[in-house]
């Protein structure tokens, strides 16, 4: 005798259903009805107006949502169960009314995230290109002061003006440092590599005091030592985690706008992230998944897997602060 | 000065936003909170347990939802605006607890749709394989008596047992006729073609009095004459519309389990559907979109476009009955 | 109680099994053990050494074999059941020991097909590029004298030397006419179009008396009139049918080496072929399916569907001759 | 004895070489060294900053260049040989220094094209999104006065402001009419279809006096009658031809940003274009090929084939004016 | 003078021909005419009725056959030549008459494999999903008693009932242990990782005494130490080797139903397998290659390469037993 | 106020423009007008007539050109700026008039490269299959005498005749040694693996004194030790570097004709190459990128990234010799 639900709502408990079913939300969480429902809000930021070469990251949130439904509730490597540690909700996508105007759009993103952080909800964002981290950090820093940052990426993204713009996806962390949203002495950048047009392309990182770990250094040190270095740099203050999917090797993340040959393996990335448990995270993002350049759904799937690790870090940090 | 929403909920009016944004629901409609919200419920039925060759239609609802976001609110060919004629809601996916057991699963589908039809909501379903039409018709016929049916497909789907099962996706309309859910004299099947293993494969259709229009006859008559014939056959009683995406030419619907060379063009299909306005539709479905076999998103996109035409037909029928 | 085969061989009746099972032979026919088993031999000719631009047709036989397993036993449009009219066998692939030497390879192909025709087996070949039709015609004409030919293609393939070779895939039918393997007065070429480098590129066709129907003329006349014209031209003598998949529109046959925009629809092609019943066919081929350029398996699937129609024509011709 | 070039330059005559060889320029023409070399300049305009949904057309010029190498020198349907009628050169890509600023970018495009038209070179452009036609028309109209226009597209592109911009890819021809670059009474728009958000979406077209032929009317009239209507509307004055690839059916042009189900077949489009011979063309463009959304290279290939037809029209018009 | 075969059969020695030619059998071996021909039988098991999320493994055997033709006769790393050590035959696909009924289908598989093992043929199977290992083990254990097992996989597959079934692809080895087909103390599971819904998901493995090596432990120990541990656990008794392709990193095996981020590299997997020489293997399988989710043919190619290593292990074990 | 170029040529400085713009040349370098312009000439060799299985490398130069535009001017790992060290030009594609005749084509390639080397230009070639290295080495050895060689590949390519040819892509370095173009004692081959048909397949390498490092040895030693070994073997004389993309793991280079499971990672390959700085390079090539088998553009992108590293090595060697 099969179970007969007695009313319509009984049919709805998305995480208990087969994974190919249901409207695709992040990790099959319930969409937020109200910000008071949520401790951690997963937010799509479908904006790629800051891209310098191959756009497409505007389609990232949809694709990561879809692939995130393949994941289950518990991290078997760490036994962390984020959905029991915190109320995790899909907040939908950030509202951007002026996608053609880079600065206005960034202001709209900032405004959306202020609403979120002011409600006491910790944001976990899915881009979109890396330009979105700047307005998110404005909202986060408003709540927490200048934050430390763990930044995993093929590029430092501390460039200067390009093609007439100060706010493209290669510059957000120069602007963030200038605006004192991040504390360069508590920033570490991991996985940096590739070609540049300017020998001093990422010089701002060094000069401002950020710790830069190139891909070659990463490979020489190994993920364990790099994780230790990251913990040392980030310290005990509030930390933001920003993960650019192009840090991965292009064979594992072909669907991105600015691939650079020879990057991190996914397993290395997962272990690096798992080694950051206990830091005082106040937000995070995953950026630069560009589905039109993906092959199959590999990039979005790896992105969703990394997003889950970040979610675990945030949920533990939330629980720790709440418990404290 | 950009608009500043004053609270979180202000950000949410999905159909007004750029089409690449937001959680992907059918046509960016609001998910139903309650069946009393809805006049027409669009339902995913992620089940392909009745497939005889290439499965994958279980992933159809997600993919059609995603592609349906490319569509807008008004049918420019007919000026029908379905979302103003009726409250259209995404009801999420039908709950199927026993996907391994074909008959039990079909009973679960029936039970879900009874909940829908008993609430007075007109169902527009997205499969899943064609086996799902049988349990849907059980719920529909319970509300309306035996219905007429317009059935567009490469196959009559009036076959008999196969591989030990009476309920596979090649047999639903034999069962529906046997169960008196449909009135064969008011059934028309359009687009039939392909190879068979049995010279009498679709003989049940003819013997039971259904009107069968092969692909060759369709091409000879043209869509206008076929539409007239469909109107004549369906008559003025309640009519169900079932659209199998494999009716389309494989160049326009490669993502399906049982392709047959040489099918309908999409433009013909759209015009055929638009010529059915005024019939007394009580439900409809789109089936057999199998994303793992799609190339790009062509099949899901064409499927979403056809789904929109069916929605327009249903919305007009709803408005007509309500106005009457 | 399930059926228990009592010995190993009982497990093998490929056409009765679900279509996704079994070693992929043409139409799931048994591989020939001996030529005396076969009335019609389906042969792969994995050679693309005559291609002038994009190679890949060497992989055609495997891909067409795979897609041909989606087909069943009876042509529902004509009710022809080829496997009951004739013993159809998969002869495997033609042996080519010197793929680097175009002329030697063609001689090897000829030698293979002589073995086939001398055994009284009617060949139905799957290329490979169009250069293979020349050596096949040598074997066929040896058995039947100069044959009439129905040739469906985007190109006349009656060009002259190119890049130092007389035998590339744009020239077989000039050579065949010169070698008196085909009778130009009984040859019709259908679907011709595209750009050329030489204003007299296909002049040999006209001058030798072949009937050339361009794509524009095909569209103006329609498939019915073209079929009648083909029957008139081919007459009552022995006829060879050669089908180049690039005759189809590139949206239906992207996987080919020399696509030309704006070609036949598959449904038109199928109906054209079905209208050739009763001609005295003595062999046929399908060429230029190039899987590396296919998208999904669309080209191979359409190719297999066309191959089945040719098989039906050959099987009826075989049965007619046998019955006579 | 093989030919031995005596010096390096001897190796260079791109159109005589196998089609898979050489740097990919439009139709394997020589890159322009100087504008005085050229009668017709084929120009890439890699800009998609006006797109409202799926970007990617910035990659269109590269992909169309690549596929255009499959074409040869002579149009076999019309026997037109454009490269002997006019000096056709690849002018490279339009320089856009401010891709983030829509209006500035459009001004840069205009400025580039003024350089071209002022040198007496007829522009044939490859977008890029449809927003680029506005600045091109500014340059063209400056040379020729308000022009007639044959516009083949799924959308009228005469919309108004959207997402805060007056210049997105859905509005260029409203702006062009307002700026008196085109003469609405001599404009015809062919292939219009799809859904809209606004019932008066394309009302400007009708009110300003443009002739709008919907996809349904196109199918009812047929390409011959539509071509006649286009000739009547365009008249004897200077005419611009703008071809949006999304006019084609999505099965033939999946790689575009705003697909609409049920469009023109490629063969119909080619014949429509060939029927416009003799009009007084002064420029043309092909827009909205978006390679990241292409499947295989089908869209770019069909785009290149259409571009060749437009080139033939322009070359004949050039020769006619020169001969006059 | 080219070689002229004197009769039809001379054309057939598949492994000596270019690799793109011939009907695709496993490693281009001859199809078995009779079980007495074979020492090792490679069998396709096209069944995916036990899948919990993304089906498609039913198409695995065809795709692995196709890619296996790229391989040659000798393992250059070990110099093992399996085809000279044993008579290896392609036994075709296991007959499954009731694919809709999971338990019946498993019984049919068992019955097929009993026929094989009772004929003294060592089975090397290609799935299909992992549920097939249970019925194969029933046949194998009947011949050899409870076997040791080396199990490489992202999942332990020792789960309990799910969605109403005891026999889905996440449970075979719990059932096998319960049925005493395998000896848990001689079982090692390697590569385990990913998310779970149940904190005790794989607890049965530990409690029953299996040795579980998570992906993290694998990475810490390295393949050499893991191979040694596997040899220690498996001991000198009869051993079965089961390889789930999802043990590989998704970048190397995207075509599978249940990918988990961060898995084994193919080179590691090959070296691990090569280090198991000398164990007393009595059978093996490769499962979960799901072609509809593959990108290109990467998964099937890697699967075929792993299958070849397993074949080498089995052939050496066969030769050792025969020589003993 | 935007910059207004005053004449047409001002628009052209390809490396300064956004990377998605412009005609795709190697690294967006200017096409050579004259060999006297160039110090290093990057040459496409679109020939795959020596392939034994899957062709397609003839399309390699176009695809690598396209992907090379994603790269910038400076190697951030080494700070080498090749375009300031040497005048790097795209020489276009090697002229091959007789692609059907393997030996004649190789002679044509040799003749082209003699023109290049005799002009004092250092060649960096992009194949094409590996057979092209033989004629290139003929030209190079003529200028420099027998050269040392660093050869990274899955195969030694020192096989003997196959399918009647001495010059296929598995034999060039046996021929080169026989012709004394390379000095076997100064040759190292790295990454060798896979299956063979002949146990002595690569025996010539060992017997002639080449140093062969199998993939297993490479993994055991690590790239640093291998690089040292390569420097030791190559010594101080002139060295040629030949890179076969199939040395990479198929997950990173699926687009190649003869993949072998379990190869180098891209990061390892890049670091190996970077460790070869200071050797006396006189030329190099990248071969076997076969775009029809690529997935997305991964292989071509990784190929372009490797090509850039080789370019850096060549540019430094050029500068060193010039400075000396």
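Some notes on this structure:
The first chain written gets the first letter, and so on, giving A, B, C, D, E and F; residue counts start at 1 in each chain.
Here, contacts are C-beta pairs under 8 Å (C-beta built on N, C-alpha and C of every residue); 3 or more make two chains touch, one makes a residue touch a chain.
Values in this document were obtained by computation on a predicted structure and should not be read as measured data.
Judged by contacting C-beta pairs, the busier of the interfaces A-F and C-F is A-F. Chain centres here are Cα averages; for chain D and chain E they lie 55 Å apart. Work out the mean CA point of chain A and of chain B, and you get 38 Å between them. In chain C, the residues that touch at least two other chains are 18, 20, 54, 58-59, 97-99, 104, 163, 249, 251, 293, 295.
Viewed as a contact network, the protein chains fit none of the simple shapes, being neither a path, a ring, a star nor fully connected. Chains that are in contact with each other form these pairs: A-B, A-D, A-E, A-F, B-C, B-D, B-E, C-D, C-E, C-F, D-F, E-F.
If you check the complex, the residues on chain E that touch chain A are 52-54, 163, 192-199, 201, 214-216, 219, 249-251, 254, 258-263, 293-295.
By the touch criterion stated above, chain F contacts chain D in their complex at residues 2-5, 7-9, 11-12, 17-18, 20-25, 31-32, 34-35, 44, 46, 58-59, 61-62, 65-66, 90-99, 104, 107-108, 111-112, 115-116, 119.
Interface residues of chain B facing chain D in the complex, by the touch rule stated above, are 15, 18-20, 70-77, 79, 81, 249, 251-252, 265-267, 269-271, 295-298, 301-302, 305-306, 308. Those residues of chain C whose C-beta lies close enough to touch chain F in the complex are 48-50, 54-56, 58-59, 97-102, 104, 163-165, 168, 292-293.
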